[in-house]
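Take a look at these structures.
Consider the two complexes below, in which subunit A is the common component and subunit B and subunit C are the respective partners.
On to the complex of A and B.
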């Protein structure tokens, strides 16, 4: 039997797939220089209107009634944290499905699927590249809020915050895999991503404390990974607590992550098989 | 590789390979309400296109094998089933000894493919970036991949422009990158789907020469699909004709052409032939097996051609010339008895290679 130079050193080759997918996506993104302007300017429009609205309502940057609900009267950092974490939702949810759709449209998807590597690592690479752009966007938002609104960030708290952001991203990867699976089958996932994005925006405490929602909505909100991430990060950054105060929320976030990731990988493989049978895998 | 009962070895073998596609029905805005109205069995049967109908192919190691047919005949579907992009409904395909449905990873590692041409690359990346990315998908070690990429860029004469984005390349150059990608992991088998489609004559010649070398010098098994008959005639050791998803003939180009040569063949190049000219000639030569008009593009210097195959066509050339003059058709040239693979296809199927599904 003739041999090809097919190599099977599992871990290294899988990491190489993830890395090269990440590099490919970032290089493709940077081929459009306007994206840098978007990253630098767009975050301002994301949350400044809400801060100005709050200021008009309470006549300053602090509110006593807000302090009664959340434990901290400063609403600017509250809004900034909501906007920063929600930007991960926006980029990750839309990113993966659109990436798959783009690959299908430009004709490269067949080649990716016909390669012998495990496709899960290609998807991880895609998710990581979306995370890089989300993190640049988030860092940009934080920098703007420090410069314009004097928001104070303690460096010591950033490590546990980053850990929670990673947990949030894992859950969002799971959701984006589900959306990518839909994109494979139905050739578009934008509308579904947008709907889920809005559901997150309303039922997770992005702009207001979770206590502002009616009880039934609070229960529904507890199925959303963003809810837990926001509660934990605000607890760290605004109330100065540590993991012992929020370990139940961390556990809940972890369980939701595992469930979403398993569902995402399963659904993607199932849809891939289904489209290969129906012959629609190359359609766009 | 597959060894059959007679001890013959095959790189690619398909046994009764069948693929059907459901036809997309557009039911309008409120179509979902009408979804379950038609349970008629006859109608359901009509809603399916049989893209491959019990296709049997046996391709030997090192062979350059052509799969010829018009658009929609099943060439690309065959390649997609072999490359595991599509799952067949029935039958088996074995590639390099591996079953395409059970040992997909090994099949994928045994194959290099060029399907869909230049569009299937990342145009915003350089040639080197594209090849590096695909090398990782084929689990190639970094150092080995780097060396291999340099070799291939050199072979394809792209070294000096390897770090330019593909959006700045010509169609022919991008096609070379696509071929380099297929060769990255040095697979024993290559699936090439219309590799010269849309290329200028110079690039086409270069690509053909490279395909021939891959088979002769490097011992690759090549399955080439094309609807350029000259290309298949020049390159292929054997060819199979496929029409409406069925294999209609398999043999060497010379043996296939001999089928027509025995019968007689006349080809007339004509300018602005009127509608119905085929019928008119046929009425004068009732013993001809096929009379086909192959439309040309006169503005591009390619006049139309009329092919008369079989019967006593060669003995009645005067009749043919008179028939054309009666209809005021200008004759460019008239050739007798030099068959092409296209003539064989017309004889076997009654269709032209430029036609879609018959």
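On to the complex of A and C.
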């Protein structure tokens, strides 16, 4: 009985850590409204050139050559979906690694790591706050795209799409944890996260179908969670397929997620111990 | 000590005042040293250096691959040929995109030169040196321009070997002249951004927003004809649109310029206007931040 009460109390404390970390990060985001507006609107400006390029090259909104590879000639929704899902990479991948680094800049990292709680819950709180902000930004970009480009979205597909987005976020959490671990030890995680961002941008089908890449690059692209998320979401939204048509991709995404999360948690705990022992946690 | 003594003259610190040859030489030396300092910092982080060197290629590839998926592997667009006379999508995109990196030079390298010194904690030290603050910005611009040229050479080699590039060799010299005029105007634009970096806490938001807008208004991967009329007119305020049209007309076979008029004169005018505007804004902001004592604030 006593053990049960103790376990309940521990669970409550841990949930409180997650909640307070979430609230802290959201408050920090709301303190900079210019950044909030920027991420909600400006990523659209990054893919508008691709839509204009399409108009200049094919003279309309459909391309026969594009249809041969992707199954749908409409390049505008293809580009919009790619950009919106890629915005999760931008915010989650850079956000988590930089979040730890930010604590270090602000001089609060020592306190966070010395707090009498499991650090995994602090990270979960940070990850959740990044997810909430990423989803708000993605929803805003999608809404503006629907208004600007007349994209048609069936509400029925949004639930399975949301499920896939959660799977994508889990994979990105894993990668972010790895980056956060490197950030603890080597401080300059920025270059590493930027390089991973480049790899995602080139090898995942963000702007073009993966089939347009050479075979070796396609194989490499299949190791990236974003590749599967994009293939599945585009199948749902553009081709109108259901889970049975893409169950292999869903399974692959799930396996990559588990591998990345396990590697992430293990690396973070290991690096945390190492930095505590070496006394370099608060070093810049 | 006798003032005509050679040792005394060597120790004498001359404070530069007025516009003369001696001061100009001193300012150019300050620009050169700021450039050298940036190279030294860059070489201290080799991973970052290599990443930045290949980034022009990373951002160009999606435009090329997407363009080829749209028109098919032969890389010829009928619609583009109707609009500008040439349907060669690889040459069109490549000649457009090489300039985009230099916009980044103006917006990021110059715009953030002052901000970076603030991060490093060296801004106040630089501000009290007897040299122009603009020299510091121009030194960083010089470093960034050379860096970008190196990236563009890598970009050219990879694209030439992978996709093949059909450019007119005889057009390279006039294209370089246009490029130089465009850089002059972009430096003016960069000075404005660096002034904003002095007063705005989150200057990167403004820089990134301006970069995004400039990217849309520049005919990098599409001709100006696909933009709405108002956007087409707005694009002539920035040097990239006339520079791209001018360079393409010298470099691409059968290219039909989308705008009439002398590109050289247009760019000369824009260069003078942006430099004057940039220096004016920088001076005003410089005086403002020193009067208010907000130089050190983040």
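Just so it is clear, the second predicted complex is superposed on the first by the 274 of 284 C-alpha atoms of A that agree within 3 Å, B and C clash if a C-alpha of one lies under 4 Å from a C-alpha of the other, contacts with A are read in each partner's own complex, and residues count from 1 in each chain.
What we mean here is this: a residue touches a chain if its C-beta (ideal position, glycine included) is under 8 Å from a C-beta of that chain, and two chains touch if they have at least 3 such contacts.
Just so you know, these numbers come straight off a predicted model, no measurement behind them.
Aligning the two structures on subunit A places subunit B and subunit C next to each other without any clash. Judged by the touch definition given at the top, the superposed model places A:27 against subunit B, while subunit C stays out of reach. In the superposition on chain A, contact of A:13 is made with subunit B only, not with subunit C. Residue contacts after overlaying the shared chain place A:277 against subunit B, while subunit C stays out of touching range. In the superposition on chain A, contact of A:248 is made with neither subunit B nor subunit C.
In the superposition on chain A, A:122 contacts subunit B only, with no contact to subunit C. In the superposition on chain A, A:155 contacts neither subunit B nor subunit C. Least inter-chain distance for subunit B and subunit C in the combined superposition, rounded to the nearest angstrom, is 5, based on C-alpha atoms.
On subunit A, the patch touched by subunit B and the patch touched by subunit C do not overlap at any residue. Residues 1-9, 12-13, 16-17, 19-21, 23-24, 27-28, 31, 106-108, 110-117, 122, 273, 276-279, 281-282 of subunit A are the ones that touch subunit B when the two sit in their complex. Per the touch definition, subunit B reaches subunit A in the complex via residues 1, 19, 21-22, 51, 61, 77, 80, 83-87, 89, 96-97, 105-106, 108-111, 113, 115-116, 119-125, 129, 132-134, 136-142, 144, 148, 165, 181, 185-188, 219. Per the touch definition, subunit A reaches subunit C in the complex via residues 32, 34-35, 38, 42, 45-46, 48-50, 52-59, 63, 65-66, 69, 75, 188, 191, 194-195, 198, 201-202, 206-209, 212-213. By the touch criterion given at the top, residues 45, 47-48, 51, 54-55, 58, 61-63, 65-72, 77-80, 82-83, 89, 93, 202, 205, 208-209, 212-213, 215-216, 220-223, 225-227 of subunit C touch subunit A in their complex.
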